[in-house]
Amino acid sequence: MSIEPKRWRWTIPWLFLAPALIFFTWFKFVPILKGLIMSFYQVKFIGADRWVGLANFERALTDSALGAAALNTLIYVFSTTIAGGLLAFAVALILEGQALHIRIIRTAIFFPAVTSVAVLAEVWRILFYPAQTGVVNSILGLFGADPQGFMSDPNQALFVVILLQVWKNIPYSMVIFIAGLAGINRELYDAADVDGASPLRKLWHVTIPGLVPAFSVVIMLSFIRGFRVFTEIYTTTGGGPAGSTEVIMTSIFKTGFERLDYGYAAAVSFMLFTFTVGLTVAHVAIKNRFSRT
Amino acid sequence: MKTTFPQKLARGAVYALLLIVFCGPFWGILATAFSKTTVQPGQLLIWPDQPTFDHFIYAWTEVKAWIYLFNSLLVVAIGTVLQTTVSALAAYALARKKFRGAAFISLAILSTMMLPDEVISIPLYLILHQKLPLLGVSIYNSYAALILPLVGWAFSVFLLTEFMKAVPRDLEDAARVDGANEIQIFLKVIVPLVKPALGTTTIFGFLMIWDQYLLPLIAVDDRSLYTIPVVLRSLRVDEIMQQNIFIAVTVIATVPCIVVYLLLQKQFNRGLMSGAVKG
Amino acid sequence: SDPLKVWMRYGDNEKNVLDQITKDFTAKTGVEIDLFLANTDFETRLARAAVGGSLPDVVVNDATAMGQMLDMGILKEVDRSAVQGGDQLYDVAWQSVQAQDGKFYGVPTSAQAFAVFIRKDWREKLGYDVPKTWDELAELAKAFTEKDPDGNGKADTYGYVMPVSATRGYASWFLSDLIWQAGGDFLAKKDNGYTSSLATPEVEKAVSFARDMICNGYAQPSAITATTGDATPVFSSGQAGIYRSGPYHLAPFSKEPGRDKIEVIAPPAGPAGQAELAEGEAAFITVSSTQDDAARQFIEYLISAEGQQTGMAVGIDSSPIVRLPVNKTVNVAEIQPDKAWATYADLYGKSGHYFPRVPNWKPIRQLTADGFNKILSDCSSDIAAGLAATDETVNVELANQGVKAD
Amino acid sequence: MGSVSLKNVSKSFGAVKVIHDVSLEIEEGEFCVLIGPSGSGKSTLLRIIAGLEDVSAGNISIGDRQVTDLPPKHRDIAMVFQTYALYPQMTVRENMGFALKLAGMPKAEINAKVTDVARMLELDQLLERLPKELSGGQRQRVSMGRAIVRNPSVFLFDEPLSNLDAKLRVQVRGEIADLHRRLQTTSVYVTHDQVEAMTLGQKIVVLKDGRVEQVGRPLELYDDPVNTFVASFLGTPSINLIEADVTGASDACAARLPDGTEVKLGKNNGCMPGQKIFFGIRPEHARLSLEDQPGAIRARIHAVENTGSDMVILNEAEGFRITAAFKEQRALEPGASVSILPDPAKIRIFDAATGKRIRRGEDA
Amino acid sequence: MGSVSLKNVSKSFGAVKVIHDVSLEIEEGEFCVLIGPSGSGKSTLLRIIAGLEDVSAGNISIGDRQVTDLPPKHRDIAMVFQTYALYPQMTVRENMGFALKLAGMPKAEINAKVTDVARMLELDQLLERLPKELSGGQRQRVSMGRAIVRNPSVFLFDEPLSNLDAKLRVQVRGEIADLHRRLQTTSVYVTHDQVEAMTLGQKIVVLKDGRVEQVGRPLELYDDPVNTFVASFLGTPSINLIEADVTGASDACAARLPDGTEVKLGKNNGCMPGQKIFFGIRPEHARLSLEDQPGAIRARIHAVENTGSDMVILNEAEGFRITAAFKEQRALEPGASVSILPDPAKIRIFDAATGKRIRRGEDA
């Protein structure tokens, strides 16, 4: 390298990238391509697959069950984003600071974010067990409420699985907000004090504008997680009852892996994939425009 | 401006509420796993009732949780190290080098972050069966099959890239003037400076590998290679298992994650925080 | 030669008996067995193995899964007459592996029927008789729910444990008994195929009975999302007192809540009399197998009197893989010490119903389960309309499978 | 309306006392500069006046109102911050009008006021821009505009120039001075830059460790510092402080420098023979010549710093260093021998043990 | 060993050319300062010398070696960065020894060298500390120590003082000067502070927009600038540049200032009657008196900035402003009428159109 450094310098980034590129290519890019190709076929298990062109995609667009799942997904994404974001923001305001007890609490409430989804789902099934003796129902009982059906009630099930995602994401988003809060110029609060702003006004005119980047990160992460949500739902309600918690990924899983219709599952997957990638690109573009001007 | 006693009390109540909501369930699970009393579905004990290790002993000897725990730990240890190393190397190139194609590579890697794993499981299964190019061996049904597909992970590449971008150029230049070559710059200057980010990616990488259900399903046939989540799932469909034993296995599945988190949490918080502000 | 690769849809609970069987078989024939067990995602694994060209030689799976495996094209035809000992098998068992084209693609290895477990201690405490009809069943469920059968002073018990989640078709699987007991059926067989026959007063009666159970609160509260995995602990932990299940639960329920506390009864008769689901497992040889002889030998061992007897796991610390023997020469009542087994055998022979043998039952099971689950989860919905809607989706699937009658 | 008066103000953060019993009177219309090293409590004191920090003890009044317990918005003050603290999401116009809007002033009136002040500060072209679209100097002016618009009794400045580069700093310093000449509003200005303090202040308060060391007009402090701290804090290059012994009789004693040179201290000098003192002479009062001079300090040039307009000569004498400064260009090279003659009227002496000034009859 | 020579060096970033054909000779042992406004290419030029940037065209040699294509480590240079660029995870000792360790020097030898240099820079007590445990000035010294330890042929400095506060800056500036006097290593020093340039440099290179405007000794540039850019870049307060017309005959013409005052320009002034010029006079060459003087500019004092050691008087004349500066303390108040007399020998005139200097016979 030192003999003719200039001539070989271009290879350096590629040498560093090489291991990653090998792994990504073999275990991600190639499967993605294969999957994409599959979506144009009716996949047979023994013998040659049957080329069906765009039929799988057409079917997806007219599949009403998938449409219902897509609607549930949207509800899921927006509710988890809004509720999770706002609650995490509130928790961040409460737990901002460097005092020891606050740091300990922050560490402790992070547990849900570092626990297996499989375990979390189990926790949820236990907590929201619909019997009167269920944990949450017992607590509700203290306030005189009737036992609720929770995940057994088609009207509540989606709400309960949304709550799971919110619960799991609050600590994570909270840390991002706390970082954002630490980045806000203290003098702005002083300036607002001198200007005569009330605490609410300070929140609105200083804190929230200062947290715009944090909100942007939180929303983006929540969107990505929301659109591809699977395990959280599959292991709690399995999409039921009466399809009330069916989302795109559980629907894909059922057609692909339970009914073994791989071509169709691949086609729907790629539509979802394209959508999320598009969403990310749009987000990055918007963010860049904002930070440039 | 001074906090009054009622205010303090209110704060304390809010803290308690947060702790109950976010940690309470874990406590309940722990208490139940150590209780002799059989719980009904939907019940947790607040305090261990007739404390006992029986459920763990059963999980250990009968369910043979230790085999799966060992597998999980082995896979997660090697996997996390490989993943972090490979990601850090790639991040170095993406963050600190200008080269043709950088934007394209970034985009390609980023896009895999959006991809649900389920989507590529069939093609991945086929690939695991194929012989690796050049090496001519198939890794199917081996530890390698549980590890290698997880080594490339966009999230850690990107987090580390963001961090490495923030390392002042002066430091790299200083090292260059001091006579360091690329490897030395990477190891001695960049890596020590992105330790917090490494902490963060290690925890999330750990969790991600630990949590794998689909990969073991398609990568191995041999029961002796199963990992904890697979066993957890097959225990859940096992209708004969006692609830407490199942909860005990759940505890076994959770403890390593929490331990790793607590060990790395200082780095982790800093990493998450500074990474986040840059967004 | 290579060991014979065998995949079985069993879990750890059956491992010991299977080890015993393979050991005996190898000792007898010298053929090595490479055994793989999976009780989750079994079909998914099979599908992947098919795509990846790594299918086993022999698959032991639910007989109902045959349609799907045929669909995948992985099964070899079996010459019934060439199977040694095949003539000793019950004919009804053979039918479960007969495809639409009249050919056989597997060999039955085990059968079972479903009966009802009841908390005998509760029933006696409350002074009720064994229920013989739906009404008595409902009465008992009501009593278990409302009369504090466990005597702890809390209203924390329920009547009937119902796994009616839509997941993997549980609702359909559970309701089948009731439908038949009411005199209905899933499909109507015509000359040139089937049509869905759910929108009938009989099926409506069955669904309505189940829904009342749930809506009156006599079923366990989580019924609507419960699979059997969720439901079983409800019974075993003493949260509810009635559970419809197979003989494989005898052993565990004898430990918890305890043999003296439970009884096994014939399912209470519905408006049309007695009926219950009959199921079975079967062994299949895959198209990619190159060891047909060894495979056949293994299957023949499984159905032989010796194999069946070992499979019943008497004296082995294991769940049985043979619930009810398919071999006529084996008498379950003689082998199983618990008399309840006889009840099962009796039911299987007398009133057992297999699911209809359309080319692929699984999708239909899923569709009907989706439909039932939807109806059951809404206490005020129009049952007939829901069933009619389900009929439509099932008919579409029948058409897909090419067996829709005009 | 605008005098500021602090009476025995103390402030502790937790157990740490950072302001010790400070009393201070700032007259109406006066420009008062608080100066001191980092951590001396300047910002804290300013924030106490603003009402952003509570006092632990003491009283503050503005005009004739006791404001000790009033929140900032009721103190009739405006503040300019080191980081300008402009609301990033608001335009210049909105930033400047924000306080008025909060006070409930009608929109038209706010607009008129803002436009007025913007014109005065030459910001009228920038009213619709966001802070991030402004240069450092412009931001600085907006932050001043925001304060002026409110027409407060007192302006408070916390190191308002420290984020600007050297050239801009000089310019904006001039603008602040002009503004004060025009508006005559009482101002309290925190800085740690002595040039700013000297050029802007009508009254300078020197703080150290939360205590007031000296208060006075700029030249008063420069010429008549009460101790070595104040003497060396003001002036660049710093005053020469040379350890010396007092010799001779008390009414006409002299200082013996480490190299043996004796410098007459004049009469009524308040010093005692044998006493250890610091002999202080500012560089511009140390006359340097290449010829030998009687009574002069003999030294060798160590380094010459010539900026074209100013020459600073660092000299090594026996046992100490002494700096001389002047504006004329002279050909001087390191290594040359020189003699240095302190201007007798400008000598300042301090007690070596306490650092306290010892006043001589000759001190102007 | 250590001369540095740049021949026709150009550098583009993408399509933007930031260094235009720069040639420069720095002699062995010389202390050369690169100065210019922000973005003028100072850092880029320094990084080119260091080998941290490739050149687009041209050659660089250090000593008698062509180094154009060599990587930094083979150029025998050491560099001190604005941010000090200390490795945060290494102790002072490790920081200083890092380059030697990389070069494979035995541990004992490294230790000896580091200890040596640390003693020289009074860092010996701090060797085991981490950078974050040091003050700004100490960090600065460590970063110099790290450079010195390597004993390179050339030191490169990129604004090494800009992160220090004013007092410390003066002190460390002195240390750098001392060090250079001691080691006599060729040094290239980038700054945008003209005081640093004037006091440290033996040679100053003024850059603007990637082009060399003028190269010379400090006083040469101060007294003899080639254009208005160089003239106003050096010196604080800045030179007064007043638009004027040339009147009279060409061998003895005068400048008519906007207020009508005519100032004789002397003979051989190279100017043409009727020409528009900038009339330049530095503040310290503008003599100010309260009495009327014949031929003087009449003005009114606008503001007085008195730092105790220096007085800067900003004056308003009719149509222009003019600044005067001096060291004596005089009683001057804003509003007073004054007359200002430029020192005839120090007048510098520039073509108004091009900014180019017009040389007069009288220019010293």
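Think of it as A, B, C, D and E in the order they're written, each chain with its own count starting at 1.
Everything below uses one rule, namely that contacts are C-beta pairs under 8 Å (C-beta built on N, C-alpha and C of every residue); 3 or more make two chains touch, one makes a residue touch a chain.
Everything quoted here is computed from the prediction, not taken from an experiment.
Student: Using the contact definition stated above, find the chains touching both subunit B and subunit D.
Tutor: Expected: A, E.
Student: Determine which two chains are connected by the greatest number of contacting C-beta pairs.
Tutor: If you count contacting C-beta pairs, the leading pair is A-B.
Student: Farthest chain from subunit E, going by the mean of C-alpha atoms per chain?
Tutor: Greatest centre separation from subunit E goes to chain C.
Student: Please report how many Å separate the Cα centroid of subunit D from that of subunit E, as a whole number.
Tutor: Computed from C-alpha means, the inter-chain centre distance equals 27 Å.
Student: Any idea how many Å lie between the Cα centroids of subunit A and subunit B?
Tutor: Spacing between the chain centres: roughly 16 Å.
Student: Could you work out how far the Cα centre of subunit B sits from that of subunit E, in whole Å?
Tutor: Once rounded, the distance between the two centres reads 55 Å.
Student: So how far apart, in whole Å, are subunit C and subunit D when each is placed at the average of its C-alpha atoms?
Tutor: Roughly 92 Å, centre to centre.
Student: Provide the list of subunit A residues touching at least two other chains, using ranges where the numbers run on.
Tutor: 2, 43, 125, 129-131, 133-134, 257, 262 - these are the residues of subunit A that touch more than one other chain.
Student: Could you check subunit C for residues that touch two or more other chains and list them?
Tutor: Counting only residues that touch two or more other chains, subunit C contributes 41, 44, 51, 156, 222, 227, 230, 239.
Student: Touching two or more other chains, which residues of subunit E qualify?
Tutor: Residues 71 of subunit E each touch two or more of the other chains.
Student: Sort out for me which residues of subunit A touch subunit D in the complex.
Tutor: 185, 187-188, 190-191, 193-197, 201, 205-206, 209-210, 212, 293
Student: Quick one: which bits of subunit A touch subunit B in the complex? Just the residue numbers, please.
Tutor: Spelled out, the residues of subunit A in touch with subunit B are 1-2, 10, 12-14, 16-17, 19-21, 23-24, 26-35, 38, 43, 91, 94-95, 101, 105-112, 114-119, 122-123, 125-127, 129-131, 133-135, 137, 167, 170-172, 175-176, 178-180, 182-183, 213-214, 216-217, 224, 228, 230-231, 249, 252-253, 256-257, 262, 265-266, 269-270, 272-273, 276-277, 280, 287.
Student: Going by the contact rule at the top, pick out the subunit E residues touching subunit D in the complex.
Tutor: These residues of subunit E touch subunit D: 165-167, 170, 174, 177-178, 181, 192-195, 198-199, 218-219, 222-223, 234-237, 282-284, 303, 305-310, 312, 314, 325-327, 329, 334.
Student: What part of subunit B is in contact with subunit E in the complex they form?
Tutor: Residues in contact with subunit E: 168, 170-171, 173-180, 184, 188-189, 192-193.
Student: Considering the complex alone, what residue numbers of subunit B touch subunit A?
Tutor: Residues in contact with subunit A: 11, 14-15, 18-19, 21-23, 25-26, 28-29, 40-44, 85-87, 89-90, 92-94, 97, 99, 102, 105, 108-116, 118-120, 122-124, 126-127, 132-133, 148-149, 151-152, 157, 181-182, 186, 203, 207, 210-211, 213, 229, 232-233, 236, 246-247, 250, 253-254, 257-258, 260-262, 265, 269, 272-274, 276-279.
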